[in-house]
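Both complexes shown next keep subunit A, but they swap its partner, so subunit B is in the first and subunit C is in the second.
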Partner chain A sequence: MTQQRFLSHEGLVALVTKLVAAGTQVIAPVRASDDVEQVDYRPISKLDEAAFGVRLPRRPLKELFLPPTEVLLYYRQTKDGVEISEVPTNARPRVILGAVPCDAAALEVVDHVMSWDYKDELWFARREATTIVSLLCNLMDAACFCTAVGLGPESFRGSDVLLVPSEGGGYVAYIVTPKGEALLNDSLAEASEAAFAAAEAARSEARKKVEPNLPSIPAEFSQWLAKNFNDPIWKTLSLRCHGCGACAALCPTCHCFDIVDEHDGSEQGVRRRNWDSCQTAKFTMHASGHNPRATQAERFRQKVQHKFSIYPSRFGEILCTGCGRCSRNCPGGMDLPEIVSELMAKAQAGPEVNKQ
Partner chain B sequence: MNIYQPHLMRIQEITDETIDTRTLKLEFRDPSVAAEFHFSAGQFGEYSVFGEGESTFCIASSPTRKGYIECSFKATGKVTNALRRLDVGDTLGFRGPYGNHFPLEEMKGRSILFIAGGIGLAPVRSVIWNVLDLRDQFKDITIVYGARTVADLVYKRELEEWGKRSDVKLCLAVDPGGQTPDWKGLVARIPTAVEQTVTNSVDTFAVICGPPIMIKFTLPVLAKLAFPGERIYTTLENRMKCGLGKCGHCNIGPTYVCKDGPVFTAAQIQALPQEF
Partner chain C sequence: MKELQELARKLLTEGTVKVVIGYEQGPRGVRPVFVTDAADCEKLIFDRRCVTNLATYLNPRRKPIAQLGKAAIVVKGCDARSVAGLIREKQVERDSLAIIGVRCGGVLEDPEGDAELTSETVSVRCGGCEVREPKLHDYLLGELPPEPPVNPRRNEQIAALMKMSPAERRKYWDEQLSRCIRCHACREACPMCFCVQCTADKSQPQWIDTSATLRGNRAWQTMRVLHQAGRYVDCLECERACPEHIPLGLLARFVADSVEPRFDYVASDDPAACTPMGVFRTDDEEEFIR
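Up next, the complex of A and B:
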């Protein structure tokens, strides 16, 4: 259960100043330094550097929790043996302010795999040290489909607080977690009934703007995908895919990685994990040269199956937040909502269609 | 210690099995790690050469042999070639054990038919020694092992030892053309060798590892002998990075080889999407 309070603009300004002074990193959407049209999540030192409600940030929050490359260990190799030193698994406290709700939700979706039997301490140290204050999204365009995957522009999922713009430049703050409450407690006032009603209306308005993009994906879709693994449609769907992996890099939930060693010719070096993508040919290549997913059709099928069937069957939810970044940035014009829509239509039409 | 941090191991002994396949006998550098370490036959690990990277192999020794583990590998890529450059006394990294294991408890009181081809004997060897070290708890033990040529047979000293035992029925085979003038085993491919050696499946588990093509043509032979798919065990060997269910490399449809496997029954494999 959430509780709703009022956060004034001045209160938020003061909060950011206080946090920054205390050494807490505050990250918010800001105008990109290389392109004023674009927005990136970046550290800010005062609130007016933030660019709220301008545009969906180019990249999601993933890199703040699973960096594109990160050191797993340092080693030193001498004639007397090998010494390895661990990387610290603590993280500095930080606040993400103005996160888009789908980007916040993604983190909670990925938590499942990161805690599956073995806990990835590097991921969770950053998760635990971070408080996420999201802002009601009104940035939707035709590529968005968060409501189809069980989320929404007004969703609380993954957020500690959700802010909804209200009177006088202030916000109605929906306190979702104790962490969120601890962050804002001193800055909050009572929300008037009128302000709360307006916030609720704004939330439902925002939802309505996304809903027409793609109908809600039914639970049975996951089973249909599993059963139709060998359907010929995978070949035609993937024809435009270059296998570049841009979709995976920009995806808030794609979390696959590679582990590699790097040495500089001296006795020291590092072991790193780097983002990887199932769309590249070498991803599954055996040492023998045998490749279980030798064609792009198989690799694209893996991506869709993983997101909409495998992950739901393992962890109970879709590995996609409907942010649309993959569609907006695909050099081949692959459009995920369109593809999912086509597959859903085929699933609803039943097995007769397969025989045509 | 984060989950990607390896333990350091010292190479105790190096055995060249064939011209390109080598076995390393390894002990933990830290005695407290050694004391805590337990594994079951079929489990695997991530072995690393610092500066080169990690590679996935099964543990080829038996859990009944304490104080060390062994791995066997063929020099194929960057890491396996680097492993070959290491000497006795050198240090490598090891993370594990990971994955599931062969159902030794279930197999107790039954007969076991082991079938392996080439370096596929490595995971099977772990079970064979495990069973032989508890010999009185099992019924008949049959081993059918083959390789392309006599030179490609691994664990030759152990093959000799098994051949001498009266409580093991051993059938060795090499592919036609792979025999030497003094070769006393069969000249046949594995499916044929199994046909000639095995007469029934009564109360018997089958454990089979080897190249996919060998498994493909041996399964029908086992079916003809009336082995149910649930009593045939094998391992899958997908490319892996983490071994922990995180990195996303090894799945076959909904099945993660690192967590649901690497040991599967033939029945389970048949139900998987054919993408391995």
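Up next, the complex of A and C:
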């Protein structure tokens, strides 16, 4: 339903003030107070607290929908049995303003698994209560490869509105969903043809800055990975990997969690779900003591296979937005665009498949 | 660095070692490399950007590396203390290693950086370095460079914390530790976290909450640094790995600084030294027993 309108700077300032006054949480990239070079998605009370276009926020939007730890239920042992009280699954309305397009897209990618064998009520309550206004990305560096995974710095995917900076500090607003239209409707004016043409040019320029980083990943890559599960390359590529899982913590699409019961005293406790990561040994440790992924080579392989083969074969798309956070933050110097490019070169080199 | 490349080539060609663990220029700054083919030795470099403590890769948990065969490892004087620690605690055999010591005049804080060494860019751990020339080595390379500049940031942090009341200090650490997401990246990147099963991974009983709540975070980080007593060498791999930028090295420094006067012990590059936790001494002060 994409249509283009014009949103003035004043219109956006007024919108934020109006939303905050009405009790809607507004979240935007903000400079971290202790480190000016760092930007995080945080609640704001007025627009000038936001830091648009400064740097890629250090962490993606994931934690706003799947917090690192959250309570699922409270329990109490009584004489008659166990009393359970579940947490409410309604979410407060909120608007995310100035999201990086790949971070918005990640949520839609993860929606598949969150509605696969069960519908995750907490995830979707937050998804439905949130309106996402993205901003054309010009923060790309050598670790980015969104265009290789079917997205782009100008992508609409997962956004309700995409803003492209325009004349006079205003924006050309691409209205992507009815939710986006409902949010901005009163604040919009007609976009002039010149403004729209400039916005289209800016979108295509931004795309060109990422494209050279990695060629588009072909559909056959997924099958090649599945067939080359026992290739020696998994061992050599993963030698420098510490298995620390910082990549998974910062990944917008890594969504695995662990569920634990924590007693607080003798009669009551909480059931929580906590982020988990396939990069740690404990993730696949069996009760018997056997671990099917005994070394980092198997764990690293799992990560690449899940993102580029298992998820695509199940849900039709890659579980990666090419945001580059894993590479930028790896203490061991692992570089995902380099790894994918090496694997793609091997895949293209020939039909040779290692026997299982 | 030709000298390093030639030595590595010789060790691999003659079959003295099967892999050389060193540094290379990666797509994002300098990073660890594992050279198994003599033809790849030209990848090896050593300069101020070689930040990583490679001793982490000798950790016995790194089976795929151990399976490559006998290793040669490039170590700075500071990293030699971790290698010594692993030998001392029987995690790696001295004879299974060829140690290539490199004289070092300080490294940058950021391995992706390319700045000259100044009091702002140099790693906080390089100030007052006494091991520019590693003592624990089989080969020793390079000229002795001048002393590195001093980055005062860490000592300023320590001084500020020491001025605080216990309640204020508690508040500071609670703020820092509340950010911990329990990914355990600090543990995995640490050369001295070599336990086959970490207490944090035990579930029967569950000693430590796995949730990223302040209670569990405090318990986890306190336990980890206490287990670093007599082991911590201030290589800051934990702090570098932390996706939340928690000053974990600062926390461990407090433990190391508490161990030093009480046990007359600093984790050194002498593999034969007796660790405070590994020895019983009748003259231990035991000031905590009243």
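Assume the second predicted complex is superposed on the first by the 345 of 356 C-alpha atoms of A that agree within 3 Å, B and C clash if a C-alpha of one lies under 4 Å from a C-alpha of the other, contacts with A are read in each partner's own complex, and residues count from 1 in each chain.
Assume a residue touches a chain if its C-beta (ideal position, glycine included) is under 8 Å from a C-beta of that chain, and two chains touch if they have at least 3 such contacts.
Remember, predicted model here, so these are calculated numbers, not experimental data.
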Quick check on the superposed pair: does A:Leu122 touch subunit B, subunit C, both, or neither? Answer first, second, both or neither. first
Which partner does A:Ala22 reach: the first (subunit B), the second (subunit C), both, or neither? neither
Check the residue A:Val260 against both partner chains and state whether it touches subunit B (first), subunit C (second), both, or neither. both
Subunit B versus subunit C as contact partner of A:His306, first or second or both or neither: first
Go through the superposed model and pick first if A:Ser288 touches only subunit B, second if only subunit C, both, or neither. first
Subunit A residues where the subunit B and subunit C footprints coincide 258, 260, 262, 285
Over in the complex, which subunit B residues touch subunit A? Could you list them? 1-6, 8, 29, 48-54, 74, 76-77, 80, 91, 93, 212, 237-239, 241-242, 244-249, 251-254, 259, 273-276
Residue numbers on subunit C that touch subunit A, as the complex places them: 26-34, 52, 56-57, 61-65, 111, 181-189, 201, 206, 209-213, 237, 240-243, 245
Subunit A - residues contacting subunit C, complex: 35, 38, 59, 68-69, 142-143, 235-236, 238-240, 242-246, 248-250, 258, 260, 262, 272, 274-275, 277, 280-282, 285, 294-297, 327-329, 331-333, 335, 337-338
Over in the complex, which subunit A residues touch subunit B? Could you list them? 72-73, 75, 77, 81-82, 84, 86-87, 89, 113-114, 116-122, 226, 229-230, 255-263, 269, 271, 273, 276, 278, 283-288, 290, 292-293, 298, 302, 305-306, 309-310, 313-314
